[in-house]
Structures are given as structure tokens and as C-alpha cells.
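This is the structure I have questions about; it appears just below.
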Amino acid sequence: MDKYILTITCPDTTGLVAAVSGFLRDYACFMDESFQYGDPETRTFFMRAVFTPSATSPGAAEIQQRFGALATPFKMTWEIVPAARRPRVLIAVSKIGHCLHDLLHRWQAGQMPIDVVGVFSNHEDMRSIVEWHDIPYHYLPLSPGGKDAQEAAWLKIADEARVDLVVLARYMQVLSPATARKLAGHCINIHHSFLPSFMGAKPYQQAFARGVKIIGATAHYVTDGLDEGPIIEQAVERVDHTHSVADMIAVGRDLENVVLSRAVRYHAERRVLPNGQKTVVFR
Amino acid sequence: MDKYILTITCPDTTGLVAAVSGFLRDYACFMDESFQYGDPETRTFFMRAVFTPSATSPGAAEIQQRFGALATPFKMTWEIVPAARRPRVLIAVSKIGHCLHDLLHRWQAGQMPIDVVGVFSNHEDMRSIVEWHDIPYHYLPLSPGGKDAQEAAWLKIADEARVDLVVLARYMQVLSPATARKLAGHCINIHHSFLPSFMGAKPYQQAFARGVKIIGATAHYVTDGLDEGPIIEQAVERVDHTHSVADMIAVGRDLENVVLSRAVRYHAERRVLPNGQKTVVFR
Amino acid sequence: MDKYILTITCPDTTGLVAAVSGFLRDYACFMDESFQYGDPETRTFFMRAVFTPSATSPGAAEIQQRFGALATPFKMTWEIVPAARRPRVLIAVSKIGHCLHDLLHRWQAGQMPIDVVGVFSNHEDMRSIVEWHDIPYHYLPLSPGGKDAQEAAWLKIADEARVDLVVLARYMQVLSPATARKLAGHCINIHHSFLPSFMGAKPYQQAFARGVKIIGATAHYVTDGLDEGPIIEQAVERVDHTHSVADMIAVGRDLENVVLSRAVRYHAERRVLPNGQKTVVFR
Amino acid sequence: MDKYILTITCPDTTGLVAAVSGFLRDYACFMDESFQYGDPETRTFFMRAVFTPSATSPGAAEIQQRFGALATPFKMTWEIVPAARRPRVLIAVSKIGHCLHDLLHRWQAGQMPIDVVGVFSNHEDMRSIVEWHDIPYHYLPLSPGGKDAQEAAWLKIADEARVDLVVLARYMQVLSPATARKLAGHCINIHHSFLPSFMGAKPYQQAFARGVKIIGATAHYVTDGLDEGPIIEQAVERVDHTHSVADMIAVGRDLENVVLSRAVRYHAERRVLPNGQKTVVFR
């Protein structure tokens, strides 16, 4: 039987796990995995479960409907989706291609549970590798004063392709506040520093100037506050006084690849639940 | 109200989480934390839950009794213990004191949920710091042919002090197979290598000779196979060609302290469930 | 023969290594270790060498005098000191004792090449462990408006004990700008965050609020800019959404111990050379 | 002016650095970087220097000749090569493509100082991506009893293409002892474990069965002892009881990419000097 993923966010109270796991048992579903977390600060409950219906379980639509009845009194925000459903992803890139290459290779090798429906860029540099992967490449140059129109253009592409997730894979452009809000929770950016250190432009130059002994990369949801969105994943690597800015950039590439691909995979597998300005990540 | 920790190991089947969480809800207990894992290889289910009874819950003894009725048909191995109960710990040490110092400082600073009831050693070196902490120090020298008697002596100390856990904090002696079996699951050793690399004596010398670029430390339950018991925790650190054996030993001390103290804390908080030759650690 | 440590900072030019290594050869000294670095940005040269005179070498005083003649035309800032000379260290602490415990244990176990000549604190909590180590404990309470007098008191202690290095081992007090400047390059602080993230008070609370996935600790020289001094060493550890502030504090203790003890050891072994707002660390 | 890289291995003695750095000064060469290491165990001296001749320096050929005169009495094994010279690399791959993809992307992005002159494989799977990079793809299938002929075929390709380095990028075949010896110091393999743990086949399965909490990858020079060659680089990542073998394989891919690409880059930049069964790596 096909597996399903259930995600829940709601006010914390006694009996939540019992209600959910009892529901699954009563409908003869096997719970393959279950993680839950109660935030003691906000008294919010988060849960992600993977379950497999059996021959005697009702159909998917009926499960959805009956779970809705259970969810209402608990004030749950919830979803049940087939585990095989892959988010439709649009990737944005600039001239800097390592994160794009890395995502596409993982995807082509069957390691990323996403459907890449297109790549857009304000440069032509990455067209060749994208088209080698048989993915549409949208060249949307940026001209002075033309940012709103360019943004509208790729939002239209995203709408028409029924995109679930926009990945800024070193896109190097700040989204307009309106677009950032519209894509809230559905747009992941890779920032090339260990946030909140070195927000904004040229973080490796900032890290070099400060003389830090460790550098990092951060994947986060985009919000209208620059580099201030909820953090999904981070990683770091040691550097020392011999590392030039160029050396740090080279070390950072590996961090960015690993961090961004993890964040996209966690999101695609519905492991990331927003918690205000933070995230719960059930790895 | 006081918190309780529930741990369960049993054959995996549908409805286990529902049964347990339903039980807690029915007896008006709030489930503060819950982790479960089904091993797909052995079809074994593991669970650790922390719960808080409420004013309307039955008493602890009655909860125990009723849970027993639930547990039997599922063939559960289970325990419910007060979260405040601290294991009684006997520490073994040789002349090498860093792990002992570290454990005692953490314990004295309120960071280790254990009761240290004594320290024994085949040397006198650590008497002063142990007695400064107001802990009995048992000097049990080892003479040729005297190992069995020495082991019997500290096993007697452990019995009389109702010890729950023996910690070999760089004790540097191999336990007899009979003692290792007797203490199975109740004796933690720190091995100064990244097991299974460099089992046996002088692991840093072995690591130096092999020219590894990373060294490690491993905390594991003692079994009658030398350095082959279930691993609880490991950590590593980079080294390079400039590190002498002495340098590796110095780097390793910090690893050993961190790894051993984590393993003891995980065990004390009942986060470690044995799974054959492996462990499930609900961190 | 006894070893010596030579450290040099000067404008970079051709022939520096040749001049220094030629000098040592000409005076029959064996160069055990040598690290040098030319900062391409500031065109500054840094060098640290360890050498051993032979039976035919001149005496230490004569080596010093002749090296001075070599150094002048190159505009070197330099020192030659016996490798066995240990800096005299005064440690400051508050009620939070883990860094102090850790330093004292390493020192007592022969792992820290320093002489601890005293500990001062604005609290009495750490007196017992310090006196167990036979080290003078100076209780210097802080009263409203009494900060200058208290600072003067421990500066006097430092002067009288001919202290080379003041270590703020979670002292939790900001030094006055004048004192910070006076101790420039001779006062190491441990900050419990991965600087420059979370400067100032309560960094773990800041890290918790931001939802970072990795926390850190930073040892740096004290300057009159709060938490802005040259960084000597940093380390990090992963956390996740389940870590409360208290959990982060617990994880952070191990980081702080390791980072501070490394920084003090690097300084004591003369491995740290200041480079403006940064450091060169020849590890 | 063009930069040159000088590497030296010889018996350790007084005056080596003085001789080399004096030579460079006397011929008006600026020493950009210099690392040296004396192995106290074997009394062997290792040095890597980068230098830039000036307008008044002799030509490259004359520098080579004169350095030879210096080198002989010290019994130096040495080389002076233009820093811009890139080793000619032949890559071997099986059906598992992540290391190949990663190397080719880094190379194409200008991040790997190598010339990739060809790829060979006993499978056709990787032909497309290799040819997209305009690199010759040699399909050399392995049939029962045909291993010697297949090895001879790619050795002939390597000879004709004047290959300096063979990289086994998850080639999954053991070289014959004769070929391993012939390529000594010129063939790098990536092993998908933290050696010496889990040598031989299926290391992730071995790691899973042992229940380790950290897995790793190791790049090493190939010798005729399986997985026993000198280690160049290693990296590790945490895993836990929830990681299946497939999960470990996925985590391992990122480690393998990073470790192999670092090892190849260090080798290409002449940072790796063999030291018996170990390596000196001047990073």
C-alpha cells in the first residue's frame, strides 16, 4: 500500500498523540514513523507521522474527511498527502552555478524527492547544463527599473507550472516584500554565512575582515526581512588566517551545496513545520 | 506533579503508540515528550515517553499495575520510573584522571542526574580529588593472580551500595567475561578511539602509526568481547601530520570527557535502549 | 639543550626567512619548528620558530643581542624566550565555574604550560576548589559605584604578582575601556556565542530566540569594544528545536571549556600573533 | 612573474631551511608561502615552498640546475614546477556517478587545478555527462577472466595521454598488485568509510551492522594492500539509529565528494608528500 504523510500544528493539550494514533489504529493504518514536539514556550504542538493504510482501511478521501472531523475540536492545522507526491520546484540562479549543479545532479540521480519544472535566471550562463537535463530555462534579465516586471514574469511562470516551492540557489537578488510575503513558507534561500552573522552582501568578505575561525552557510525561508527568515539548516567549516576571501568562497561552496540540498529535501519530505520565526525540523 | 519516564521494547505491530498514548490520556496524564522507533530489520518497537500525572490521575502504584495489564498482550519489556530517580553510580579509574574530574565536576555542578556513591581504583592517585567531593574512595590494588579477588571486592562494594551503573572512566583494565556478562547493560566504558578502529591497547599509537586525519572516542556498554559492546556515543576531532602521539592523547582527552559524560547522562535519563549489538538513543 | 621560541612581526620583504634561518644555522641552532605567514593584504610577515642551541652556540644573552642587530633593518617586532618559560596567569571568575574547573584540572594534570598565580572573583562560590589547588583566592565584591575600585584592586594584584595574562573565565563583567586598553593582548575572554553573532548579554537566549541550528563559543582578546576583540579560537555544536535555553547552556559549557583552554594554551605557547583586528594562530 | 612550487624530502639536519631560503633570496625570488615539517620519528624533513622569481632572477632552467647542486649534499628528493602546471588526470568510474559529477563540475567551474583528459568505466552509464563536458569516454567492460586485458587497456590510454594521476571515483574495482605498484603515489581512491574501520566491500552495511554513531569517507593513495594506502584526507558525519543503510549511503555521498575533491586538489597543488605509510599534507 502507498504511504501517507500527516502533519499537524495545533495548541498543545492532553490526548493529542492518543487521538491521532488512535485514529490511525481504528482505521487499520500502520504508523511507520512519528515525531511530535510540544513547544513549552508557545504551548504549540507539532507532529509528523508517516502511515500505511491496510486492505481494510477506508480510501484516502474518506480518511481525509474523517480526520477533518477529529481535527476541528483540537484546532489543528493539518495535511495528509501521499508520501509519493513530489513538490513542483522552480529554481532561481545567477551566474554562480554550484548549488544549481548540485541540486540537479542529486535530482537526476534520484536522491531529491522533487519535480524540477524550470530554472530562471537573470543571466544566460546556466542554460546549457539546465537544458542538458531537459528542463526549461527562462532567461529573465534585470534592467534598471525593471525588477517588478521581471518578478511578475517568473511569478507567472510559477503559477502556470503550479509550483509548490521556489528555491533561490545563489540567485543573488532580494525579492520585493510583496513577493516575499506571497511566497512565505514556499521559498527557500541559501545564504552564504552562518546567520545571524554577516547578513546582507558579501558575507565571506565580512567573515574575512572579522577574522572568524569558522565559516558557515544557512538555508532559510524567505521573508520580507533580509536574511531574517526562519532557519531550516546550517553547516560550518574551520578556516584560519591563511584563508583568503577566495579560499573561504571555495570552502563555502561545499557548505552551501550540502545545506541547501538538505533544506530542500526536508521541506519536500514535509519535515519542516514553521514555528513563528523559527522552525521545527523532524529529521 | 512529578514526572515519570516510561520505556518500552516489544515486537512492532499496529496500534502500539495508540495503546500507550490512549492509556496516558485515559488516566489524565500529560505526555511531555515521546519518541518511538520501529526497527524495520528486526521488527522491534522502542519507545520512551515522559509524562506528568494530573490531580485526577491514579497513584503511581496503580498506574504501574494497570500498565502491566496493557503491556502483557503486546509482550512489552517496560519500566515506569520517577524522572527524579537518579541511578546510583560507581566509578572506576586508574592513574588517568581527566574523565573522573570531568564527571565529578559536572555532577557537583548539578549537570549530571546521577548519585555518585563511590570511586574505586587500583591506584591511589585520585584519592584527594574524590575525597574533596566527599565521596568514598576504594583503593583496590591489582597484584599478579589477584584480579579475581579484586573484581570480587568491587562487585561487593557495588552490591552493598545498590549500584545501578558502573562507569569505567579510563580504568584501563579488562573485566573478566563473567563480570562483563553480569553487568550487561549496566557498565559503560570509554574507549579512546573511534571504534571499531583501533580496538585494544594503545589506540592513539595505532592511530598515529596508521596516519589517520581524524581521531575519536567511543562510549559503549561493556560486553565480554573486548571493545565490541553496543556503542552509545562517539565524537571525533581533526588531526594532521604534526600531531605526535602525545598531541593526539591531549586532543583525545576532550573527546573522551564529552563522549563519556554524554553517554552516562543519556543512560541516566533512560534514553538508551539496547537493540541487540546496537543501541537506540532517544536524544 | 633548552629550546627557545622566536616570534617575529614585520613588513614583508624578500629574504626574511633566509635571514632568520641563516642566523640560526650560523649560530649552530637546530630549527625544530617554523611557521611563517605573509599577509598579502597588509604586506605583513609573521613568524614563529622553535630552535635548540647546540654545544657550539653562543649563550642566550649573546643570541638575543646579535639577533637584535639582524632585526633592526627589517623593522622587526620580535622576542626570543625560553620555551620552558610559562606565563603567569591570573584568572577571573563569577559564580559559573566550569571554565575555571576545566583550566585548573588541565593545569594540575600538567597539560597547560602556565603558572596560575591567583584567582579573583566578585563572588565566594569558587573559593573551595581554588584553595584545594593551593592557589590564592581573592574575593573582590562589586558594589554600586565600586567598579573602578574593584578593578584597581585586581590590577594591583596582577602587578604585584607580575602577571603576564589575565583570563576571564566566565567573569561576566565588562572591563572599563582604560583597563581593556591597558591589558591589550594580555587578556583573554570566553564569549558564549559564535561571534559576531549574539554579542552582549545572554547569547544563548538570543540564539534560542533566533532559532539557529548550531551554537558556538569564542575566545578573543579583550579590547574596549565589547566582544569585538581579535578572535583566537572558536568551536560549534549542532542543536535543534528540542533544545531549550538550558540545554543550549549545557551544550555550550563543553564548547567554552575547549575553546578557552585552547586559546590560553596557544597564547602561552606564543602561537598567537596579533594582526590588527585579527590574529595569526600558528597551531 | 609566474610562480613556482618547490617540494623537498630529505634527511633532517641543521640548516635546511636556511639553505633553501638563502638560495631563493640569493636568486632574488620572493617566497610567497613555505611550510616545512621535520618528522621526529624518522628524522625526515619535508618542505613545500611557493616562490616568485623577479626581473633579476635567472631563468627557470638555470634555477633548476643550480638548485640541483644545492640539493645533492643534502640528499634531497626535490622538484621545482611551475605553479600553473596542471596534472593530467584520468578518472575511473562505475555506475555510481556522484564523485564524477562533483569533480567535473568543480573542474568546469575553474575550481580544480587539473586537466581531465579522459574517463573510463566498465559501464556506459556516465557517458552522457562526460561527453557533455567534451571529455573522451572509454567504455572498457569487464568480463570473467578479462581483468588483466581491461587494465592493460586503460593503462595504455593513460600512457598515451601522458597521465599524471588516476582518480578512482567510486570505480568499485580492485587494481591488480602490479598496477597498484606501478601507479604508487599517482593513483587516488575514495573509500566510503572512515578507514581503518570497515575496509573492503559494503562499508556502509558494515557500519550499520556495528551501530556506529558517526560515518566517514577516506581518500588515499592506492597500494597493493586493499584500503591500506597512505591516507590523504578524511571527513565524517553523525548518524543515529534511524539511519538505514540507504540513509547512510546518502549521507556518505556528500562526504565522499568533499573528501575526494580535496585530496585531488591537494595532490594537484603538490601539497601531499608521502611519508612511508603516511602522508604529510601542507594544507
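We just call them A, B, C and D in the order they show up, numbering each chain from 1.
Rule of thumb we're sticking to: a contact is a pair of C-beta atoms (placed from the backbone, for glycine too) under 8 Å apart; a residue touches a chain by one contact, two chains touch by 3 or more.
As the structure is a computational prediction, the values presented were derived from the model and not from experiment.
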{"item": "Winner on C-beta contact pairs when A-D is weighed against C-D", "value": "C-D"}
{"item": "Farthest chain relative to chain D (centres taken as mean CA coordinates)", "value": "B"}
{"item": "Rounded Å distance between chain C and chain D, as computed from the means of their C-alpha atoms", "value": "37"}
{"item": "Mean-CA-position distance for chain C and chain A (Å)", "value": "41"}
{"item": "Per-residue overlap in chain D, given as positions that touch at least 2 other chains", "value": "none"}
{"item": "Chain A residues touching chain B - in the complex, by the definition given at the top", "value": "14-15, 17-19, 21-22, 24-26, 28-36, 38, 54, 238"}
{"item": "Chain A-touching residues of chain C, taken from the complex the two chains share", "value": "37, 39-40, 194-198, 209-214, 216, 230-236, 240-242, 244, 275, 277-281, 283"}
{"item": "Residues of chain C touching chain B in the complex", "value": "97-98, 101-102, 105, 109, 111, 129, 132, 250, 253-254, 257-258"}
